[in-house]
Amino acid sequence: MNESATKQQPTVEPPQAATKGGLGTVYGRQLVKSFGHRTVLQDVDLDIKSGEICCLIGPSGSGKSTLLRCINGLEKVDSGILRVNGEDLGYEETETQYRPLSKKQVAAQRTQIGMVFQHFNLFPNMTALHNVMSGLVLVKRVKKQAAAEHARSLLQQVGLDGHENHYPSAMSGGQQQRVAIARALAMDPSVMLFDEPTSALDPELVGEVLGVMQQLAEKGMTMLVATHEMGFAREVADSLMFMCAGRTVEYGDAREVLAHPKEERTQQFLEKVL
Amino acid sequence: MNESATKQQPTVEPPQAATKGGLGTVYGRQLVKSFGHRTVLQDVDLDIKSGEICCLIGPSGSGKSTLLRCINGLEKVDSGILRVNGEDLGYEETETQYRPLSKKQVAAQRTQIGMVFQHFNLFPNMTALHNVMSGLVLVKRVKKQAAAEHARSLLQQVGLDGHENHYPSAMSGGQQQRVAIARALAMDPSVMLFDEPTSALDPELVGEVLGVMQQLAEKGMTMLVATHEMGFAREVADSLMFMCAGRTVEYGDAREVLAHPKEERTQQFLEKVL
Amino acid sequence: MDATEKPRVRRRSAVEYVMWALCVLVFLAIAYSLVTNPRYEWDVVAEYFTAETVIDGVLLTIMLTFVTMFLGTVLGIVIAVLRSSPVMPVRVLAGAYISFFRGTPVLVQLIFWFNVAALYPDINIGIPFTDIGSEVDVNALMTPIVAATVGLTLNQAAYMAEIVRGGFNSVPKGQIESADALGMSEWTKLRKVIIPQSMPTVIPATGNQLIGQFKETSLVSVLGVADLLQSVQLIYSRTYETIPLLIVAALWYLVMTLALGYPQSLIEKHYSKGTRAGTPVPLEPALAGAEEGR
Amino acid sequence: MDATEKPRVRRRSAVEYVMWALCVLVFLAIAYSLVTNPRYEWDVVAEYFTAETVIDGVLLTIMLTFVTMFLGTVLGIVIAVLRSSPVMPVRVLAGAYISFFRGTPVLVQLIFWFNVAALYPDINIGIPFTDIGSEVDVNALMTPIVAATVGLTLNQAAYMAEIVRGGFNSVPKGQIESADALGMSEWTKLRKVIIPQSMPTVIPATGNQLIGQFKETSLVSVLGVADLLQSVQLIYSRTYETIPLLIVAALWYLVMTLALGYPQSLIEKHYSKGTRAGTPVPLEPALAGAEEGR
Amino acid sequence: DGSTTPEQESDITKGVEEDPAAVKLLPAKTKNDGEITVAMDLSYPPTSFLSEEDKSPIGYNVDIARLLGAKLGLEVEIKDVSFDTIIPGIQGGRYDFTTTNMTPTPERRKVLELVTYWNSGSSLVTPVDNPEGLTFDEPESLCGHTVAVMKGTTQAEQYLPSLQDDCKKAGEAPIDAVVLPNVQEALTQLSSGRMEAVFYDTPSLAWAAKQQPDQFEMQDQQYQKETGTDVVTFGLAKNSPLTKAMHAAMQSLIDSDKYKEALGRWGLESGAIPKSEILN
């Protein structure tokens, strides 16, 4: 199992030129992130158009989750440019430096960015329905009735009708994961970040959730998906980034990369897929 | 998404006759388990030989995790016979009833049954190494030095050398999952229960972990694996149980079931696999 | 009998029977001793249990406890939040507050507030550096009840701040991230995610605090306010029936404490919704646990 | 300048500067008032701060606090475990213990233990229904220090039991299942999984309790034992220099409390190993939080 | 049961007339207010406590405070507080004076203005039948016995050391003295057999023995003090403008019948003094 950093990475050109972009875009340049002495992301570039589905694949510990967490501001990058929905995330650029935004501004930016966590992180003290409603009611100040209706329809979409009043602790792994997806979708963000959204789902559900995601993409929602399911990546992704030890190894059109990986590391990885 | 109970299930014959069995066997008859009014397992039969790898597959919420939890005594079945390693689990049979065992006896039974949880449940206050050592030192009373050595080699087997001193919170999902696997293996149980052991792993690691499991099976360790990865099931499983809404739909030789599913529900499920 | 049909019984082990016996024995022994020992003077206890001054004292104790507990908890939550503020001086101030008010005896604080006039005979309330404002007669302002309320509240707040901080510590990081990711404001996050989830750990400690406060209020007797304990002390200082009158006080405190137990368990149940089955800590494995005595 | 090279700064907002100013101001104001107000009589404070009787009182307070806190905590853990026992009578007994000892004032308990002889002049220790055994002189057995230790310990245990129960509540169920699945005995599970993980929530409340105990010990004055508060009261009832002597006591309590703060923070740090970065509660999102004042 | 006679609860100030000489000494502000406040701890029968009937303050000290007010033509407001707050309260101007049984020591004189107003005595109370035969008839009888004294009292501060000297001289074991915060606790311990005697102010002990005659026995013999050390004072703030007027009122009271009447109705006749003094 090769986890040690592969030091000499070829320079990877993002598939598209740099822009400030608008709603639904993610733009990153030379993103660096370390925890103490451990560098977890190194010079990562990103360039995602509105409505694009981008898959992040790579071995365990390669930094996929960390990258998604950075894009949502849960971790802050040490350096580099990071613009989501056309705005510098959590900072405003001045002539000489980046100055942090106020908390209110950061929270406002976040309502446009959805996130489904690897560990779901549902609120244990709320039922499935209230979990899904939480963002609508508490952040978007939607009326309770309207929010409940919307939440109900979302739960139905992910196949959880009848489970509205169950608490997360009384749900199976896959059920929890679907609630988490519905909760993020309820906010109707322009950019959605999925951290292994189908890890706990059975093949049937993977198909259904994938269907939901494709529909959303058609409506113009941008998605970044960290996943280990190559089938999933092949079916839905527009672009694909293969990461290893915190660096981008290959980044380009999804089918292209999967079919004809250029880098040796990518080939090696894809060979192992069952 | 069909989660509603399919009421008329054909009677499924377990592939092998009922025995008390010995170390490494799991034997279940008409297992029933409900939470309040919700019946989660209904008349489940099991018959697992020593050294067998049995995969549990089925849609989300079909009761796979619950079945594994019952086999480990974390949930107790409402009725039916459940014998693990040849002993009635948590109970002793008398002429007219099942009388519960004392806590000490239950704990002793458990040291022969390993479990890898769907949510890992690592001890957050212990490093990776100490997590793996915990069972050896605290339960089996192995000397610290010997335990550490053994733990180190197990961590190496799952590709985590260098991560010995990291706390779970500083590890990626896949890394945590591998620590959890190593922790369960350290106890060297006769029966291992895996609840989606590869859900957070990338394809490369899936291959490696699978290799580890096959080795163990060759050494005679019995394994029950709840999984959504059909590839995984196809590669390693001896027998396969397809569950739906708490009932066994089909149970038999793994390759046989996967290649020629007899039941309509199984066919329908397998079709969806990407 | 078919093995699958044999019932799974709940074994009452010998230990359980022994414990039941012990339980009954202890209660009987206590009851017997209470009834037969004449030194408890139960007639005196009965006589004073509902005496007017005692009831007045009980009411005052309840009133003071709830007012100071309420105000103290609100202030305590504020201080706990400030204590984990990212801004250093705010943290320092909050920390100093907690250290100071936990660190000095309430008795001294009460005497201080009550006699603040001895130290600052006239305090000016007004706009600094202008002539607007007026001198306040501190003694008139600081009536015994005001001094008691201020003193107990400020003290209580310091203790509650620490309890609340402990509760905050128990909320998993993932929950806070989840709330952040939804774009919740700090206030919403606090109200809807952090506070409800820290309740299961905060409530027992708060219960302690509330019960402690019932008794702490007896310190206000130094200000000449007759709470429960003070009112029985006034009686026995006249009649010298010390033990029966202390029993009166003890019984009242016990009644108040027990009366709190029920709402506390309701609140605990409410906030433990969503943890599996809402039962108390499953210290025991589901299987062996429910079956057998230790 | 290339955008990727621009540093990401930590903004000190206006709020932060204002808070710093406020912080300094508050400290200065307090210091000024303390120094210039003659009514504090600092010379008297200085004179008595290290007086022999005061130091003796301090030592006694420390001794009593630590002994009763230690014994009370051990007993409290035991009771908390019994409180969540699967065997009903055990739960009932533990619950009754907690209700009773939290529910009655410590003062009453101390007086009770010390004067148990007034109620039970001679207690027989021996084997029931035989002639073996001997009468014990209760007064000789119950020296003031013994009565104080017994009373305070039993009381403390009831409070600690509730705090520990709160801590147990905060341990995720998955952790207990994990320990069960490894086949850990109840004892090992308690020692290695439940107790360490409940520490972050237990410690702040225990700190409260310990500090409370420092002051609770002053109740032993009714037994004629001169703790810190009692020794300064003895002095000012002779000299009438009430306020400076209360300041002496307050300062000593403050010193003891602050001296506890450091070990407490060390223990907290020790037990929060493994939570990300070991920092206090991340109430704030990593990004916005560290940057900006509220 | 702590009952008092209706006579004891009646208003003693009836018929008392203002003393113009004393009134003249009053500061103008007080005269205008027409009121003074006195602080006392109302848990010391029979000198200051609460009546069982209507919870009004009664006792010898209460009477004296009211009489002083009457002599000065002022209303007297009585505040019930514990000892701990009396002195700071007087220093802070919250209370004008206190009639608590304060004995004047040099240290106390530094803090308050003290005006003498009566003479208390010190006695011994033992369990009924006095099993150990303790009495001040022979002070050595106390040597080696456990005796309770109250914190800060003259008994604890002055008499006990001299009793200890006596024991030393007689070659006996010293008295095992236990200092307690209040007399109620001392009496509880006396009844539990922990104490063999309680050494305290005569009136207080007499009251207790009357309340619980089957438990306590008052020893008739008072402690033989050297003259003058047991005088009791009331206190005012240092340099209080009221001192002179209060002193004059007190002297005028002593010269009238009311002084004896006040002492008499609480059984304290023996405590009368002929002349009030300001000690400073």
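All chains are identified by letter, namely A, B, C, D and E, in their written order; residue positions are counted from 1 within each chain.
Basically, a contact is a pair of C-beta atoms (placed from the backbone, for glycine too) under 8 Å apart; a residue touches a chain by one contact, two chains touch by 3 or more.
What you are looking at is a predicted structure, and each value in this text was computed from that prediction instead of being measured.
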Set of chains adjacent to chain A and to chain E: C, D
Length of the line joining the C-alpha centres of chain A and chain B, rounded to whole Å: 30
CA centroid of chain A to CA centroid of chain C, Å: 45
Centre-of-Cα separation between chain E and chain B, whole angstrom: 83
Between chain E and chain D, distance of the C-alpha-averaged centres to the nearest whole Å: 40
Where chain E touches two or more other chains at once, by residue number: 84-85, 88, 91, 185, 188
Residues of chain C touching at least two other chains: 107, 111, 115, 118-119, 173, 177, 180, 186, 242-243, 275-276, 284-285, 289-292, 294
Junction residues of chain B, two or more chains touched: 73-74, 103, 107, 119, 169-170
Which pairs of chains touch, using the document's own definition: A-B, A-C, A-D, B-C, B-D, C-D, C-E, D-E
Residues of chain B defined as touching chain A within the complex: 1, 3, 35, 57-61, 64-65, 118-119, 158-159, 162, 170-175, 178, 195-196, 199-208, 228-232, 234-235, 269-270, 272-274
Chain D contact footprint on chain A (complex, rising order): 29-30, 73-81, 89-91, 93-103, 106-107, 169
Chain D contact footprint on chain C (complex, rising order): 15-16, 19-20, 22-23, 26, 33, 37, 39-40, 81, 84-90, 92-93, 99-100, 102-108, 111-112, 115, 118-120, 159, 162-163, 165-173, 176-177, 180, 186, 190, 194, 200-205, 207-209, 211-212, 215, 218, 229, 242-243, 246-247, 249-250, 253-254, 256-258, 261, 272, 275-276, 280-285, 289-294
Contacting residues of chain D [partner chain E, same complex]: 39, 111, 114-118, 121, 139, 221-222, 224, 226, 230, 233-234, 236-243, 246
Contact set on chain E toward chain C in their complex: 1-2, 42-45, 49-50, 52, 55, 79-82, 84-85, 88-89, 91-94, 182, 184-185, 187-188, 208, 211-212
